[in-house]
Amino acid sequence: MAVQQVDGKIPRSKENDYTLEEAARRREFLLERTGVKLEHVAEGSFDPALAQGNIENFIGVAQVPLGVAGPLLVNGEHAKGEFYVPLATAEGTLVASYNRGMRLLREAGGVLTTVMDDAMQRAPAFLFETARDARAFSEWLDEHFDEIKEIAESTTRAGRLRDIEKYTASHIIFCRFNYTTGDAAGQNLTGKATAVACEWIRAHYPRLEHYFLESNFATDKKSSQVNMLHTRGKRVVAEATVPGELVKEIMHADTELLWRARLVSNLGGFMSGANNNGAHSANGITAVFIATGQDVANVAESSAAFNYGELRPNGDFYFSVTIPSLIVATYGGGTGLATQRECLELLGCYGKGKVHKFAEIIAATVLCGELSLGSAIVAEEWVKAHDLFGRNRP
Amino acid sequence: MAVQQVDGKIPRSKENDYTLEEAARRREFLLERTGVKLEHVAEGSFDPALAQGNIENFIGVAQVPLGVAGPLLVNGEHAKGEFYVPLATAEGTLVASYNRGMRLLREAGGVLTTVMDDAMQRAPAFLFETARDARAFSEWLDEHFDEIKEIAESTTRAGRLRDIEKYTASHIIFCRFNYTTGDAAGQNLTGKATAVACEWIRAHYPRLEHYFLESNFATDKKSSQVNMLHTRGKRVVAEATVPGELVKEIMHADTELLWRARLVSNLGGFMSGANNNGAHSANGITAVFIATGQDVANVAESSAAFNYGELRPNGDFYFSVTIPSLIVATYGGGTGLATQRECLELLGCYGKGKVHKFAEIIAATVLCGELSLGSAIVAEEWVKAHDLFGRNRP
Amino acid sequence: MAVQQVDGKIPRSKENDYTLEEAARRREFLLERTGVKLEHVAEGSFDPALAQGNIENFIGVAQVPLGVAGPLLVNGEHAKGEFYVPLATAEGTLVASYNRGMRLLREAGGVLTTVMDDAMQRAPAFLFETARDARAFSEWLDEHFDEIKEIAESTTRAGRLRDIEKYTASHIIFCRFNYTTGDAAGQNLTGKATAVACEWIRAHYPRLEHYFLESNFATDKKSSQVNMLHTRGKRVVAEATVPGELVKEIMHADTELLWRARLVSNLGGFMSGANNNGAHSANGITAVFIATGQDVANVAESSAAFNYGELRPNGDFYFSVTIPSLIVATYGGGTGLATQRECLELLGCYGKGKVHKFAEIIAATVLCGELSLGSAIVAEEWVKAHDLFGRNRP
Amino acid sequence: MAVQQVDGKIPRSKENDYTLEEAARRREFLLERTGVKLEHVAEGSFDPALAQGNIENFIGVAQVPLGVAGPLLVNGEHAKGEFYVPLATAEGTLVASYNRGMRLLREAGGVLTTVMDDAMQRAPAFLFETARDARAFSEWLDEHFDEIKEIAESTTRAGRLRDIEKYTASHIIFCRFNYTTGDAAGQNLTGKATAVACEWIRAHYPRLEHYFLESNFATDKKSSQVNMLHTRGKRVVAEATVPGELVKEIMHADTELLWRARLVSNLGGFMSGANNNGAHSANGITAVFIATGQDVANVAESSAAFNYGELRPNGDFYFSVTIPSLIVATYGGGTGLATQRECLELLGCYGKGKVHKFAEIIAATVLCGELSLGSAIVAEEWVKAHDLFGRNRP
């Protein structure tokens, strides 16, 4: 087994592993082991050194098709004006669908966007001998918040410990250490800061039996009710009121029918236990995430959404989407990579002080997609179905 | 407004939009409008014609760093032997962490994988005047399943209508038309087939008041309890029994502590209303999805997971992960794109007859990641925290 | 400790424990131990022998105040005409509120009720060495359904095994053995039948490692998504269309406002992760349950509900409630007790062949209560608040 | 229709409706209309005047069989010593099962109980024109907390406004006004106080478009994740460590098997989307609620529970149950009714200053029931099944 392992082990340079040579050496190794030549993978246009801190065992790049939709008219606090949104995807019609929704909402006067809340967390669990001990600790924690905050923040420039939420069961206190994290998404920052805080707690609270740095209350890379209630990343609302006429003209749909579909979808979402009573916010979010170097696995949380609409007596349609756990960064992580940075720059969102602007643009994009697919379900799909039905009947 | 729109409209060729020239023309347009030059985006290595059907308003590529982990030893029904898994991500340590887990489970004899179920769905809602009418329709639907199946399947070569699940509320019958879809993920296929079936139903069931092709019961691009219960895409289990000694040696962790962390995480996942009681399956899944041309927005569903373990009296640790809604394809969608196809080929998973093999490899990958992060939480994280704590104290 | 236990042990007759004497002896014992004399508890009007099979350590009765609401006009398949509904509660205004709703819906032409589905279950889990073994068993189970059905039904006169739902994770097959149970609620019946079926399975499927008769998939005395999706007990819909004018006249409320409140409540229910997006169905259900000898702990499941409305252009309000897991009996359990039987008789629902009628009456009752409280929230509550506010301001 | 209504209307005295005569008159009326004579219902032992404020259209009493279990040994902060617990139920074996569990835990040294939190709420929603307006209001609300608290508390002697939780979506702020309510359950008190607070807010915040006093965030008479996370009523933990030997002796079960069943039940509860990963807490809670005059419809919320156990290396079993939303009163509501008060007195829990003691006794009772049924599932049930199986095979 040992020999086999030596044979099978992926080559790696201990001195400098982020070079074209090392990437080539690994591709060569894979060719030997699997017979597959990675030609396009090899065609990255940037210096591998740039990817240090983003990847290990670097072999090249995945080239994901990039399209652009717009102009998207945003009336935000941070994003103001027209934007061209880069979308990286392999799903045909996605860009076209978002583009169509952007046209609709631009004609309707644009999308109003608001960042409602902002928090990133790490969720340690503290275990005690009894529930009563746990409760005592919970009180102690409140009393020592200032010290804990100081310790936690000593590890980070951007992170600020906002508050500590507590949830109890058995002899365990589950905590959510909530931070603001500037323009970084902040998962690492909060992890580090909370780890240090936990060690301080352990040193100063001897009755603590044990703690785990993470307890599934964060809930990183997962969708959860707690994050839908309490925000992870940014909580953003996008809203617009669309004239009934415009929906008819551009979407070939009817707001009355759109509305009825919404009612049924709301019920469907409630019954099915979904994390989203809307249409497909994950599509737009994922495509922007890949384009701009976000941590794409956060689509798990970021896919949650609350859609809420009101049909006005005159046929106008007020529509909104609330994204309760949108995890975004304009700094750090993959944002500085070659194409990723270009895409952020295209939105005027690269670097410091831009993360709320970026969140607003994404929320506005999502709203356009919701209206576009919503309309399609009540309008074109049927036409298409007619066609197909005709075609398939002899 | 009209003028503004002409100005702002993204250029597009009605004849042939998938050329280097058109992509360049759009980048030129974006440069004019935003002042941003997309240089690295322009450096795709493949003919844009290949991306037709995958993207609109093509402007180039997102270059996502690609690393490789392995060898991963899989004892599947479809995947047998060692694999090198391509992971596209910008999250540092992800590849290293999966790699470490793969080493552990290879030494433990590999990962046993099983595809338990396979279904892709479209979920129309049928509306009636009263609940009693809805119930009558529900019975009619059962009686006419064979005809509906024939109509639905007339639109597709790969799709087979397996069954129709029904859920009722008010005067509405929510259906899930469940299909097997061969090696395609099948969302489009099932949409088309169900659209035609719905039109046939409408023509043959006059008391139907209205239907919507989708009702949030699918639940495409969302996480939901119904999909966790009833499978969307593939339902795959990966399992392994790891000797306690091995965990100590490779992970510097203790199975007893790992186990206790699991109990706390289980409770945390239950209390927080998470779609996953495990660690971070979305990380591995997303990275493989981007690398291999999957519809990455499906991370929303695919991030759901059930972790289940048993600590054996001798300290060995049985551990398993069940992914109830893993949406994968080895054919169609983005699988034929340049780097994506190479990555599928690296796994011997490109093309027809490979989708179960591919699902097994992903599940095995996920299990490695779960054990790796799980161990880190109980072992190294603390060490790291100690360091940090030390460093930050004068 | 042993002596202490003898002292503290509640007296009990091994020969015939269901007598007035034994009840008195226990009350005497409690008086000695606690100094509390149970005078009203002693005042039951029936022979304790009647309570055999319903209670142990019988000491008397809880006297719960009983009111009556009605007439309730039901247009059911089983319940037709006007009913006076007995409600046992200690919550002031409950009877009045239901009564007011019944008046509204009677004037509106009555409540249309439909039993959509009927199933009671026991949910054993079958454990195997591997997931693959579990999958093989799952197939075997399908193939042997007829035999299992025969065995299960051999233990019961009323129960019929309808089908076996299966849910898989790890090396476990979770099953729901779904029965129809006639006029009994059927929890005991299904428990017994499934226990025998499981033993037969164990005898005939040697690779089975272990099974548990219940696995939290039933989910008895708990609320769950699986029961909201798949029915436990009866799935009943009550619906009505109420003229806007009538709502104004009787409820002093406005359908437009009622409708808007509904939209907000729907969103609230979705966000809060509730098992019910309506108002207070549990109130009516609990009061009928206590009055009629149901297993009141089943309020846990029976409290789930889907409310769905549509505001018609003319201001009429279509409103419906779907109770997905209403657990009721007109035979067995507590239905034959003295006051309980009288209350069932009041509804014409005592004994065999009455359970669907009874389910319809409850659903109709619930709908009346939903409209009544819904109206109160948008109408009178405010008036009341005004009063209070005025009163409290000098 | 009008005539019909006069005929059908239940008789009622405007002067004094709570007399034996009026109750008799209504029973007479029901006899005429339905032919059913309510004889046992008529046999209440208390003066109807006592039921004023608890019921309308009083016709008599439901007589629910009452049994007693104990002694229950509680090591609480408020409940200390041995208790005999009155249980009103019609479900055979319930009292016996709890009794058996009480014996087990008494031998194990008793049940440790802790009240972790205490809050009752009313949840108004505030609507604005835009999300941005909503956010501004949210800040205003924080700034004016002291004034709002003063206004709210002006309506109540026992209620204290602890804090206001806020949840946002679209242009809506959903609030939870959290109160402590002394020995009352407090739903009415919080309703009244919040109504007045809302009117004050309306008067002082002109940009408020509309509010609804309740928005499904309370979530009264419903089970919800928000209440499982944040407490409604009392949050109580009961815990005990049971020697393996004792489980064998008293329960004829094995802690190792009990433990394995727990693991499977945990997974079942997570997959099925249950509000409770335990066995049957609703049974004990409901029986105590009926006996002691609680608002039994609150079983909907009170049925939620988190079970958590640890199997110790020596075979001892640490087991705990956390009830996150136990709604109880020892004062007000139905607690002063005849038998209800006697039952509270039996526990030494009638009147002021007793509610935490009462919550502890219930939690301890629940823990006994969880262990008892848990053991039965792994032990006796099988034996019983053997018997049955044998008996039914010729």
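Chains here go by letter, A, B, C and D, matching the order in which they are written, and residues are numbered from 1 within each.
Definition applied: contacts are C-beta pairs under 8 Å (C-beta built on N, C-alpha and C of every residue); 3 or more make two chains touch, one makes a residue touch a chain.
All values derive from a computational prediction rather than experimental measurement.
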item	value
More contacts between chains, B-C or A-B	A-B
Interchain centroid distance [CA atoms averaged], chain A/chain B, Å	15
Geometric centre distance via CA averages, chain C-chain B, whole Å	39
Residues within chain D bordering two or more other chains	167, 169-170, 172, 225-226, 229, 260, 266-267, 269, 271-273, 277, 306, 308
Chain contact graph, described as a line, ring, star, complete graph or other shape	complete
List of chain D residues in touch with chain B within their complex	225, 228-229, 260, 263, 266-267, 269-273, 277, 306, 308, 310
Residues of chain A touching chain D in the complex	77, 112, 114, 116-117, 130-132, 134-135, 167-172, 225-226, 229, 235, 237, 239, 273, 306, 308, 320, 322, 324
